[in-house]
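You will see chain A twice below: alongside chain B first, and alongside chain C after that.
Then we have the complex of A and B:
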C-alpha cells in the first residue's frame, strides 16, 4: 500500500513522489522527442510557441504564484530579451553569449523594477508594472538607433557552432524544449531550497515571514530578478521564432496573455504553466475551426431536430456571421477568464488534481480539501 | 504666454475626462477595495447605450442621457452580481483578473453589436465656442469641466453627509465589522457599482462629441485614468479629479514643450515617481498595518 499523504519531509521535497511519475514523464519525453518528425510542421511550430509561453509562464509563476507579487508588465521583460538578442546578433555575437547576456540584462532590469516595487502592494504594484511596461514600449518605439523604432527589427536565423538553426527546424524545437525543461527543473529545485520557501512565506503572510527572520525586501527583489531573467531567456527564443520584432508586439495585451497562462493552468505548479500555454496557443486554431466547421454542424443538428432546410440554412449563415465577427476572440478570452476566476481558481491543473484525488481516496474525498479561505478583508489602506 | 494658457485649459479639459473616469474607480475602490479594470469599458458601453437611445431611437438628448444612465446603473448592478459578488473576500488579484475579463467581454461584444466604426452623438454642446479675449474654448469641453465639478461635489456630499455614504465608507474600512453593525454590505456594494456605472455613463456621453464612441475608447482612456486615480490617492473623490487634472495638464504640456513621444509616457512616469515617493497619493491617508 502506498501512502496517499506525505509522511516525512523527504516525501515533500522529492522531485518524483513515486515511480509512476518517472514512467509518465518518460512517455511524455519520448513523445516530445519523436513529435517533430511525426507531426505536421504547423503543429510543431505551435508546440514551439507552447514551450516559449510556458517558459514565460514558469517565470511569471515564480513571481505571482509563489511570491504573491502580481505583475502585468512581463511583456516588457520579454521585449528586453528579444531586443537584446536582435541587437547583439547584428555584431555577430555568438548565440550562447547573447542568450546569457539577455537573461542577465533582463534580470537586472527586473531587480531594478523590484526595488521600487518593495513599497507597493496589491493594486499599486499592478499599476506600477503596467506603467513600467508602457514606458519600455515607448522606449522601444523611440530609441531608433538601437531598436529601429516602429519599423521593427529583423532577427536572423540562429547560428550555433557554425550551423544555422532555422526557426522551423527540429533543432530549434529541441532548443526551446530544453530551455523549458531546464527552467522547470531549476524552478522546482529553487522551490525546495530556502529561497523558494522564503518566497512562499512572503506570499502567505509578509508579516509572519518577516518575524521568522526572512529578509522580505531581498527575497522580493530576487523573485523579480529571477522571474524577469527567465522571461528574458524566453524573449531570445521568441525573437528567433518570429524572426521579426517590433514594439507593438509587446503590449499590455501580451502581458495579460501571460497572466491568463498561469490563471488558466493554475499558478501553483509548473504543470499549470504548460497547460495554460497549450490553451493560449491553441485558442487561435480552435477559433479558426469554429469559424469553418461549427456553423455546418449546428445547422445539421437543427435539421435533425426537425428544422426545415431553409431554416437550417438561415441558422448556418447567422452562426457563421457570429463566429467570424472580429471581436469574438476577445469575448471568448473574457468569458474564460471570468469563468476560471469564479469557478476554478486553481486552474486546469487544480481541476486535474481534484479529480485524481477523488479517485485515489475514493469514498473519502471531501470538497473542503481544496476550499479557498474567504477573508473579508479589512482595508488594504491599513496594511 | 497665450500658448501656455491655451495648453493649460485644454489640459484641464482633458484632465477632467480622466478625472470623471477616475471617479468611477475611486467609488468602487472606496466602497469595496476592489479596482474595477472594466471601468473604462463601462464608460464605452454607456456611450453606446446613449447612441442607441439618441441616434437610433431618436429620443431627445436629455431623455436619452437619463435613459442611458439608468440602463447602465442596472447593468452595473448586474455585472457586480455576476462577476464580483461571488469572489468578494478572495485575494484582490482574482477580482482584478475578473474585471479585466469583464472588460474584454464588453469590448468585443460592443464591437460585434455596434460595429467598429466611430459613432457620433448630436449634442447641444457639439457646436460653438466661448471666446475670452483671444482664448478659445469649445462648449463640449466646457460641458465636461462643468459636469466634472458638479458630479464631484455631489458625490463628495453623498459620501460624507448621507447615511448610505457613511455605510459605504464603513464597509470599505472593514467589511465584516460593517456587517456586524447591521449594514447590508452586499446591497451597499451593489449600489456602489450602480453609481459608478452611472458616473461612467455620464463621462461617456459627455465625451462622445470629443472622442467619438468606438469599442476601444474605454481601454485607452481607462488606462490613462489610472495614473489620475493613483496621483489623487485612490480613495479620495476630490483627489481623483485633482489627479485627473494634473495628469491632463502634464500630458498636454509634455505634448507641447517636449519632443515627440513624451506625451504618452509622461503620465506613467509621473505615476511611477508618485508611487515611489508618496505611495498613498496626494490626498490619501496612510496607516500602519496591525498584526
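Then we have the complex of A and C:
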C-alpha cells in the first residue's frame, strides 16, 4: 500500500496526488492519440459518441452530482446547442464563433431555467425540468422558419481554417476529445476552488451553506448555467456528428440516457461520466447483437439438446420477436436504473474504487467500509 | 452602544409566541449564555439572528448596523458564524473541504479564473489552506483532515462544526448547544476551547446551553428564557438563584 506524506499545502491542491497517475493517464492518452489511425472506423465513430455523451455527462454531473439539483431536461440544452450550430451555419458563421455562441446561449437559457428552480426541490424540480424539455421540443417542431419543424435540418460538415473536417475524420475525433478533456479539466479546477465547494455545500446542507456565507440562489443559478453551457457545446458536436437534426431526436428518452450516464458511471467523479458514456453507447451495438445473432445461437443450443428442426425454428422466431420488440431499449434502461440504484449507488467508478481498495488493503478489506450510514439526527425543519 | 443588540425581537408561529419581545445586548469580548427549559425559544433566537427565520417584529443590530433585513448569507459576511444543535455538516465531503467552505466569505476569485485555475486562484487556495490548518491545530483535528464526515463519530463532528465556524474568522460566534451529545471529557475540552476563543482569538461568544457546569465555567453573563420571554439576566450565580428561574425549572 502506498502511504502519502504531505509536506506542502500544494499536495492537497494538485490534480495528480502521485506519479502513478501520470503514468496511467499518459498511457491512456497515448492510446487515444493513435486510436483513430489503428481502430476500425466503426469503433472510432463509437468513441466520438462516447466523448460527446461523456461531455454532457460531466455537465449534468456538475448540476446533479455536485450541486444536488436533478434535471431531466438536458436533452433540451443539447438541442439548443445543436440547433444554434445548424442555424448559424446557414449564414456562413465560422465554426469557433457559433461554437461559442451555442455555449453562451445555452448557458443563458440554463440560468433562466435555474431561477424558477430556486423554489423547487427533488421530484418537483425533476418535473419542472421535464416540462422545460417538452416546451423546447415543441418550439423546435413549431418554429419552422428557424428550425424547419419536423422535417429536420441538415448540418453541413464542419469548416475550420478553410478546411473541411468531415464527421468521420480523425480531426473531428480529436476535436471531440479536446472538448471532453477541457471540460473535465475545467470541472476539476472548479471542484478545487470556492465555487465548486459551494456547490457541494448546497448539495449536502443548504442551511449550513447559507450560514457560511454562500449565496445559495446565486450558486444554484451558476450551476445551472455552467451545466447547460457544457451541454450546449456538446450539442454543436452532436449536430455535426449526426449531420442531421430533428425535434424527435431530443426527447425525454435522451434526457434519461444522460441521467443513466452519470448514474451508472458514478455521479461523484468525471471518471464516472466517461464510464457511463461507454456503457450507454455500447447498448445499441448490444441490442443489434441481440437481434442478429442471439436468436440463432439459442436455436442452435436448443437443437443440440434434441429439439427438432421445426421446434428450433419456432424458438428462433420467438426470441427474434422478443429481441426486436419496440420497448426493449426502454425496458433495459429501466432495469439498469433499478439495479444500479439498489445495488451499486456509487456506480461503475465506485465499484472500481472498491476493487482498488480491496487490493490495497488486502487482506484487511471490510465490506462495511462503503456501507452508507443512516443519519437520524439531521434536522429537516430549517429547510 | 452595545456590540450586538436585539430589540423587542418577536417570532410568532400563528398563535404560538416562540419568541416574545426579547431584548438583550452582547458586549464585545464577552461570553453570554442563553439558558431555559425545552421550547423556551433559545434556538429560535439563534435562527432569527442568523436570519434563517424572519422576525415577526423587532430589530437586530450588530456593530451599530441594522442587520434585520440582511439575507442569511450576508450575516456570515458581516462576521457572525454559527453552529447547529443537530449538526449541519456537508456529509459527503472531507473534513478539509468542509472547513474550506468556512473560508467562503473570504474568497475573492471569479468563476472564469477558477475554471482556468490561474496562479491567483492557486495562491488564494494556499492562503485559505493555511488558515484552515491553524484552526485544525487549535482544535486538535489533525487525525481527521482527509476523512469523510459520514464516517466520523458524533463528538468529532461537533468539533468540526465549531472548526468550520472558526474558519470564517468570525467576530461573533453563535454556539447552539455546543456540549449536547458529548461525554464529560469532551465537554471539558469544549469549555477550554470556548474560553480560548475569547481570550486568544478575541471572539465574542453567544451560546445556548443546557449543561450548567459548562455555563458556569465559561459564561460572563447568563440570560434565562421561558415561553419566549426573558426571565432573568446577570451573572451565572445570580441567574441560578433567581426565583423565576428556579420556578421555571423545578415548577412553582
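General observations
The definition used in the following text is that the second predicted complex is superposed on the first by the 332 of 383 C-alpha atoms of A that agree within 3 Å, B and C clash if a C-alpha of one lies under 4 Å from a C-alpha of the other, contacts with A are read in each partner's own complex, and residues count from 1 in each chain.
By definition in this document, a residue touches a chain if its C-beta (ideal position, glycine included) is under 8 Å from a C-beta of that chain, and two chains touch if they have at least 3 such contacts.
No experiment lies behind these values; they were computed from the predicted model shown.
Judged by the touch definition given at the top, the superposed model places A:207 against both chain B and chain C. The wider contact with chain A, measured as residues touched, comes from B rather than the other of chain B and chain C. With both structures placed on the common chain, the touch criterion links A:304 to neither chain B nor chain C.
When the shared chain is aligned, no partner comes close enough to touch A:163: not chain B, not chain C. Using the contact criterion defined above for the overlaid structures, shared-chain residue A:145 touches neither chain B nor chain C, since it reaches no partner. In the superposed pair of complexes, A:334 makes contact with chain B only, with no contact to chain C. Residues common to the contacts of chain A with chain B and with chain C across the two structures: 207, 372, 375, 377-379, 382. Of all the residues in chain A, the ones that touch chain B in their complex are 64, 70, 116, 119-120, 122-124, 126-128, 130-132, 134-135, 138, 141-142, 207, 252, 256, 259, 263, 322, 325-331, 333-338, 341-342, 345, 372, 374-383.
The touching residues of chain C, when paired with chain A in their complex, are 47, 50, 52, 71-77, 81-82, 84-93, 96-97, 100-105, 107, 109, 111, 114-117, 121-122, 125-126, 129-130, 133, 150-151, 164, 168.
Residues 29, 33, 35, 83, 86-90, 92-98, 100-112, 116, 172-176, 179, 215, 223, 226-227, 230, 234-235, 260-261, 264-265, 268-269, 271-272, 275-276, 279-280, 284-291 of chain B are the ones touching chain A in the complex. Across the complex, chain C is touched by residues 9-10, 12-13, 186, 189-190, 192-198, 200-201, 203-205, 207-216, 222, 268, 372-373, 375, 377-379, 382 of chain A.
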